[in-house]
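Chains: A, B, C, D, E and F, in written order; residue numbering restarts at 1 for each.
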Amino acid sequence: MTSLIKNLRDGDEFVGFYLIKEIEAKQTSSSIPKDYLDLVLADSSGAISAKYWDASKTDIETFFPMCLVKVQGVVQVYREKLQAKVIRIRKTVEQDGVSITDFIRSAPVEVEGLLQDIQKAIISIIHDEIRSIVTFCFEKVKDKMYSSPAAKFHHHAYYGGLAYHIVRMLELGEFICHQRPFLNSDLIKAGIIMHDIAKPVEMISEYGMVLDYSNQGKLIGHISMAANWITEAAIKLGIDLESDVIMAIQHLILSHHNLGEWGSPVQPQLPEAVALHYIDAMDAKLQMVEDMLQTTAESEQWTPVIRGLENKAIYRLKI
Amino acid sequence: MTSLIKNLRDGDEFVGFYLIKEIEAKQTSSSIPKDYLDLVLADSSGAISAKYWDASKTDIETFFPMCLVKVQGVVQVYREKLQAKVIRIRKTVEQDGVSITDFIRSAPVEVEGLLQDIQKAIISIIHDEIRSIVTFCFEKVKDKMYSSPAAKFHHHAYYGGLAYHIVRMLELGEFICHQRPFLNSDLIKAGIIMHDIAKPVEMISEYGMVLDYSNQGKLIGHISMAANWITEAAIKLGIDLESDVIMAIQHLILSHHNLGEWGSPVQPQLPEAVALHYIDAMDAKLQMVEDMLQTTAESEQWTPVIRGLENKAIYRLKI
Amino acid sequence: MTSLIKNLRDGDEFVGFYLIKEIEAKQTSSSIPKDYLDLVLADSSGAISAKYWDASKTDIETFFPMCLVKVQGVVQVYREKLQAKVIRIRKTVEQDGVSITDFIRSAPVEVEGLLQDIQKAIISIIHDEIRSIVTFCFEKVKDKMYSSPAAKFHHHAYYGGLAYHIVRMLELGEFICHQRPFLNSDLIKAGIIMHDIAKPVEMISEYGMVLDYSNQGKLIGHISMAANWITEAAIKLGIDLESDVIMAIQHLILSHHNLGEWGSPVQPQLPEAVALHYIDAMDAKLQMVEDMLQTTAESEQWTPVIRGLENKAIYRLKI
Amino acid sequence: MTSLIKNLRDGDEFVGFYLIKEIEAKQTSSSIPKDYLDLVLADSSGAISAKYWDASKTDIETFFPMCLVKVQGVVQVYREKLQAKVIRIRKTVEQDGVSITDFIRSAPVEVEGLLQDIQKAIISIIHDEIRSIVTFCFEKVKDKMYSSPAAKFHHHAYYGGLAYHIVRMLELGEFICHQRPFLNSDLIKAGIIMHDIAKPVEMISEYGMVLDYSNQGKLIGHISMAANWITEAAIKLGIDLESDVIMAIQHLILSHHNLGEWGSPVQPQLPEAVALHYIDAMDAKLQMVEDMLQTTAESEQWTPVIRGLENKAIYRLKI
Amino acid sequence: MTSLIKNLRDGDEFVGFYLIKEIEAKQTSSSIPKDYLDLVLADSSGAISAKYWDASKTDIETFFPMCLVKVQGVVQVYREKLQAKVIRIRKTVEQDGVSITDFIRSAPVEVEGLLQDIQKAIISIIHDEIRSIVTFCFEKVKDKMYSSPAAKFHHHAYYGGLAYHIVRMLELGEFICHQRPFLNSDLIKAGIIMHDIAKPVEMISEYGMVLDYSNQGKLIGHISMAANWITEAAIKLGIDLESDVIMAIQHLILSHHNLGEWGSPVQPQLPEAVALHYIDAMDAKLQMVEDMLQTTAESEQWTPVIRGLENKAIYRLKI
Amino acid sequence: MTSLIKNLRDGDEFVGFYLIKEIEAKQTSSSIPKDYLDLVLADSSGAISAKYWDASKTDIETFFPMCLVKVQGVVQVYREKLQAKVIRIRKTVEQDGVSITDFIRSAPVEVEGLLQDIQKAIISIIHDEIRSIVTFCFEKVKDKMYSSPAAKFHHHAYYGGLAYHIVRMLELGEFICHQRPFLNSDLIKAGIIMHDIAKPVEMISEYGMVLDYSNQGKLIGHISMAANWITEAAIKLGIDLESDVIMAIQHLILSHHNLGEWGSPVQPQLPEAVALHYIDAMDAKLQMVEDMLQTTAESEQWTPVIRGLENKAIYRLKI
């Protein structure tokens, strides 16, 4: 039976299935250098670094990142950290009955349900043109939305992370529209669903991990890409490009980073644009905190520092 | 019958009760200068500038800011703006049956109810020490809380504004705690009620208008004043000054402006501190927008610029 | 015969045709206030403030901004500045044979020729898709391009200013492409012609003077408006929206302000985008200097401060 | 006889007592990895890195940071730096007659005398309430003051550093009060003694080396901690919390970092607060320079860069 | 007998000698405008605005800024401020026995003595080359040093202000060199005397009031001007331009503003350069505070805001 | 025949002449550590890291940075990068007929020609005093100008880089003066030739590679050094130090970095100073792009990030 990585302790011998998250062939610096593999093994509970000494040329060619393996090993403490010494390792085969999705970090609820929630929200938009625009753009990325993270590092950086971010924002948006009826709830819904709609194309991700940014992502950026999609939608749906509706949706997307130095070419000038920025910020920041607390050992009083929170750590208060 | 100021039009003759918001004795620059009064008259619907030509020495001594008056006048357009020419003016007497609170801007709901809501929230705090600390500090300013605005200009700058800000934040805080159960709702409530608790002492206000900052307000600031009150409360209530509870409440108050350049000596490092900052920001920013839209004539597409929103104006969208 | 404003001296009596650039009805502060008109009269050589004492109600209704008038007056020094005292004033009639364009500030060369230069540059673009995109977008604003300034205050703020800016940039762009053959001259031309292509729609201008920004201008901004036009052009011309050509042209426009805080959502990442930013900056800054020196009296050693040059003034060196 | 580390040269064989400042058990990357110890040995004159090859398991368990050892070794040059190869190593025993305080960096004068100087300054405060407040707060940390450094890295980062910083500031403060009699010397003394009074509790230090910040240090910060102590002192001493004296002392502490981004929630608004900030800055900056010059080899023209001086190095001028 | 301006009260009739600090000929806005003079009268104790109604053409030509006058008038309150109504006014004549220096603001000690102190400090410099350089540069501006202020607004903005600033800095410098013997006191003295040595040429001042900056002041700046003078001195005195002495003195001057954005092209990298910056800052800031307190009425708790102190006001504490 | 480094492929055996760009003696971490050499070999086409295992003590003493060697080796892939394993290595001898200049990176045209172009430009300066000043300063560094780079990393960081930068700027300057005749072309030429004239003395470079900054470079900086040279030139040539010509040339040099935080003590206030800054910026930025594209393998779509371009990479567009 596989041991979860977060339960491994110094001296444990273990056998189990893991994902190779990182792999590098290195050589010892002895006078006759020998090959070994420097690995990071992962499962859904965490990750551990590992060494496979005396790797053969065949081994070096066999294993690669995101490859599922069965490993027998022993846990040691090295430089105050746990490290696995690999004794035996092989790639998994069909009969092992394991799937990569069992080993990756993902949103805390089922992605299928998240997508249904988003689609319900789209259907509930009353204004026909707004609903059509949102539908058009959502269809472009629906498939990628299953797995897409919301960001590379900062927040919701896992499988289904973007969908999860949108759904939580929709909940908060609904509350705010109820508390402040002067806000147009169709625009709030549209803004929430569309604000990061081009992220799955801006970023190249696999299993919820961002590998790189696409060329479009670097040269145009997800904010302007989404603005272009709205233009495309309007033309294809026969909506006047100069109408206030198109202007409003574009404004929501363009301004949602709030400041020029954060990537927004214009600043929020609609009530819904002001709301959208703060709904996005609150959900992202609180998720960073929640995720960081969950992935920090219970025994630690302080989390690691969080880049998106002014490089501050979070204290695990017990009162 | 009194005409509401927002309904006055060019050429109108009017009689009514108003509040003198500003008053200055000036002299014409004719070779034999003559005295006149330069006034701003206000009621709960707005304000208008006015001139009282040929004011006597007695007039100059009679009228003062925040004085209620009965005025007969005529409306003119001067430099593209409406202006009242005062024909007759006298101070109100008891028989007129008017009260200053009818003429000032105030929170959109009854302050009495707001204070009850805050007290209910205090009572609902489960943790004894937290509840005692909040009670102690709230008692210090309960009386001033009736009228105190939340700020001089930026947001909730009116009678009962601070209480209104707190109550709306409590609603939002309740939602967030429900959505994210890892947050401690006692701390969220305490943080919301206490975050600006020293503002009524930091600012010298009358009828919801800030006249100045107190010496304490300038030299200590409301954030550190509140921190001192918590220390005082702990000593008087016999709570250990070094306990995590005191540390946590102080941290919430000290960090709620988020950044040093915004006045916080430490940055948020508790989950509830992160939440508190964004709850505060969202409520303040959306209220600025809502207030500005309400005090801008319906006929205007754009509000004036809002200092607290990067000096941007808000567009009154019609879709 | 009309006296040019820049030639008026203290004590001069004059008769001539002028443009009313600003006008305000004011009242003296004598005890029986009297109406007068506070004016700014302009011709193509400059502007002068003027007073028309004892204006009648009819006068106040007759004259308005941008109205052409015949004026008889006398020049006085008031508070160390020249000021005209208006003796007689009337609106011009057809027989006077004067036209508003004689009285406004405009680019130093004929706009007609500038537009021809731009169109020649468009025709010289070799790459078919680039040329088609540029043609499509240019057609949208060709008519407005006659009069459109390049900015409200900073630079080229006059009739035909945008066209003049583009043509000078094309000259500089041609030189740079010749000096550095690794640059793609089609992209340089496209970038130059398109970089401010949406400005005539972003700004509401009359006779080369910007009166305001349009709603689109405020909520979308000329950079994103131009990006949208490129999307529209691609769809209507049947060019692949995902192609490198579309991506490159969009990138040039989006990045030409160089930094987020200057309004660009992405930073230059094509050689031609780097070049475009500096071609734009150099032309704008040097034109500010040249224009300011030309509109500053020869007798002044220092120009007024120039906002676009870190609020520095320019010294008129004589060596 | 022990060789001072700063006198060791390439090829020297040496025997002596040292402090283990850092220690890490590592393994060679040979195919059969072997344990060795990577050390930093220190005495009061400096530090040197050292390797103990072929360390046994017992060795790895025996030695730890801040442990005193007797070492026999030889000095080699490795990658252009001196390094000791350890031949024999053992922990010191009582008979060796060595004490840890002989091996740590400390203030250039006796801490005992520094504390007496501070206490003399306290006694010389004329105003009773000020003197009582300072006495109360000083008593809280008097014991820790013996060893406490003034900062982790920036300045006075050694045994007794804080006391030394205070005493030098008192000298400078006395001069300034003499030069500018409008300053209140009681407040200057109080401000100097109290400005960093909470640092020994903000930081967890051992032998003058800061190991970490305490939870209070991170969540409240030494500035607000000191403000709280003043509140506590006032209550316990029966001094009116609203009095100008309490307000003044709190203001001095709260404002002494001068700017919000440097951690002060209010900016200096008393003459003594302005003076305090500059007295603190001058002493800290000059001490950084003096310390860095003293710990840089005489043969070096330039010191390493100093973080607290805009990352600039200091030139050792010889004129 | 002349009444000091700071002693004038509402209703006072007075006769006395004053300096015309500002004067402007204006016209009333009656339909037949009449001339009057808008004045600011000053003496060494303060200033008061004044009106001279019914001024004749001769009056307008007679009086000018910095002109000494004898005035008979009466004090009135206008817009909550004291204002003098001038009844009779004439220029002073020789027999009046008054001199302009009696009416201007100046350093609190005799300038003559300040210059002697500076010259004593120069003579006390031991290093021959440093002393020669300082002497050479000081001779360039010795005459102007009598009257030159240290800045336009910020600090020491009065007759002899620069000399006073230098002398107080020399006192502080002497203390610091005594406290920290590793500092070279010759360099400290040279740096203090030379740091603003070119200011009398950078600024055009009269009677201690800066009227403008010179062309050199704007285009080169006093820091680089002083650097050039050192080069000139070295050449004329036959000192090696590449020597460490010249490099050190230039470095002190160039770096004394500490940061690039404050005008220093290099940052302090000599111990004496670090000291010089803080000696300069401390003296300038404390003098701002002292001057502002002295020119604010004793009855005021708060001074006006001080630009050089982050726009903060100073509180006049009474304990 | 020597193989160019950029043509080496995995598995290649090669013999050739190379430059040792970096060299470090290391030891393997086997229990009996062995010496080896860690090298970077370079030729004009690029660089490759190399290991020389089993180096003898003699080898370690024989080879040094910038030493030319003949190497026999084999190419391997190590950690995804090419690496050479050295089999035999010896220093070159005279008979090998190789020279260091064949192995270093240099400007793309002959330095000899660049220097002639600069001298032609100097001769073409019409104004006698400007030409003399430029000649004087240029003579100071003419010899160093052969090899001097324009910067340590940012741009033109190679043999002859500074001369190449100047010549390209002169071409651009000539165009700008032709396009905008109000610019004084003598000043433009002088500014271009002199703007970095002190860099060869500010930086210590060898074969176009900057090893360090000189003491003068650190303490005075090239901008102020050049200003001093102009002062020296004026004195030695008998030109009035206070003349507008000297002031103008100094201003051009002092202001060419545009902002204080970029090192300029004054900001551009002459038309030619504004032009000079943008000519410098455009040439530097475009050269960074061009150089980076040329040294990035053709197969790479993106260059590495460029520090001088806001840390952005450049995309190699193919259209």
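Following the convention adopted for this analysis, a residue touches a chain if its C-beta (ideal position, glycine included) is under 8 Å from a C-beta of that chain, and two chains touch if they have at least 3 such contacts.
Values in this document were obtained by computation on a predicted structure and should not be read as measured data.
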| message | Once the contact rule is applied, which chains count as partners of both chain A and chain F? | response | C, D
| Touching chain D and also chain E, the following chains | B, F
| Chain separated most widely from chain C, comparing mean CA positions | D
| query | Between chain D and chain B, is it the same set of residue numbers doing the touching on each side, over half shared, or a different set? | reply | same
| query | Whole-Å distance, chain B centre to chain F centre, using C-alpha means? | reply | 61
| Distance from the CA centroid of chain B to that of chain E, rounded to the nearest Å? | 43
| task | Indicate the whole-number Å distance between the mean C-alpha point of chain C and the mean C-alpha point of chain F. | result | 42
| task | Name the residues of chain C that each touch 2 or more other chains. | result | 29-30, 215, 218-219, 244, 248, 259, 269-270, 313, 315
| message | For this structure, enumerate the chain pairs that meet the touch criterion. | response | A-B, A-C, A-D, A-F, B-C, B-D, B-E, C-E, C-F, D-E, D-F, E-F
| said: Help me check something: in the complex, which residues belonging to chain C touch chain B? | reply: 24-27, 29-31, 215, 218-219
| query | chain B touches which residues of chain A in the complex? | reply | 127, 168, 171-172, 175-176, 179-180, 182-184, 244-245, 248, 258-259, 267-271, 274-275, 278-279, 281-282, 285-286, 289-290, 293, 309-310, 312-315, 317-319
| said: So in the complex, the part of chain E that touches chain F is made up of which residues? | reply: 215-216, 218-221, 223-224, 227-228, 231-232, 235-236, 241-242, 244, 247-248, 250-251, 254, 259-266, 269-270
| For chain D, which residues are in contact with chain F within the complex? | 28-30, 34, 53-54, 78-79, 301, 313, 315
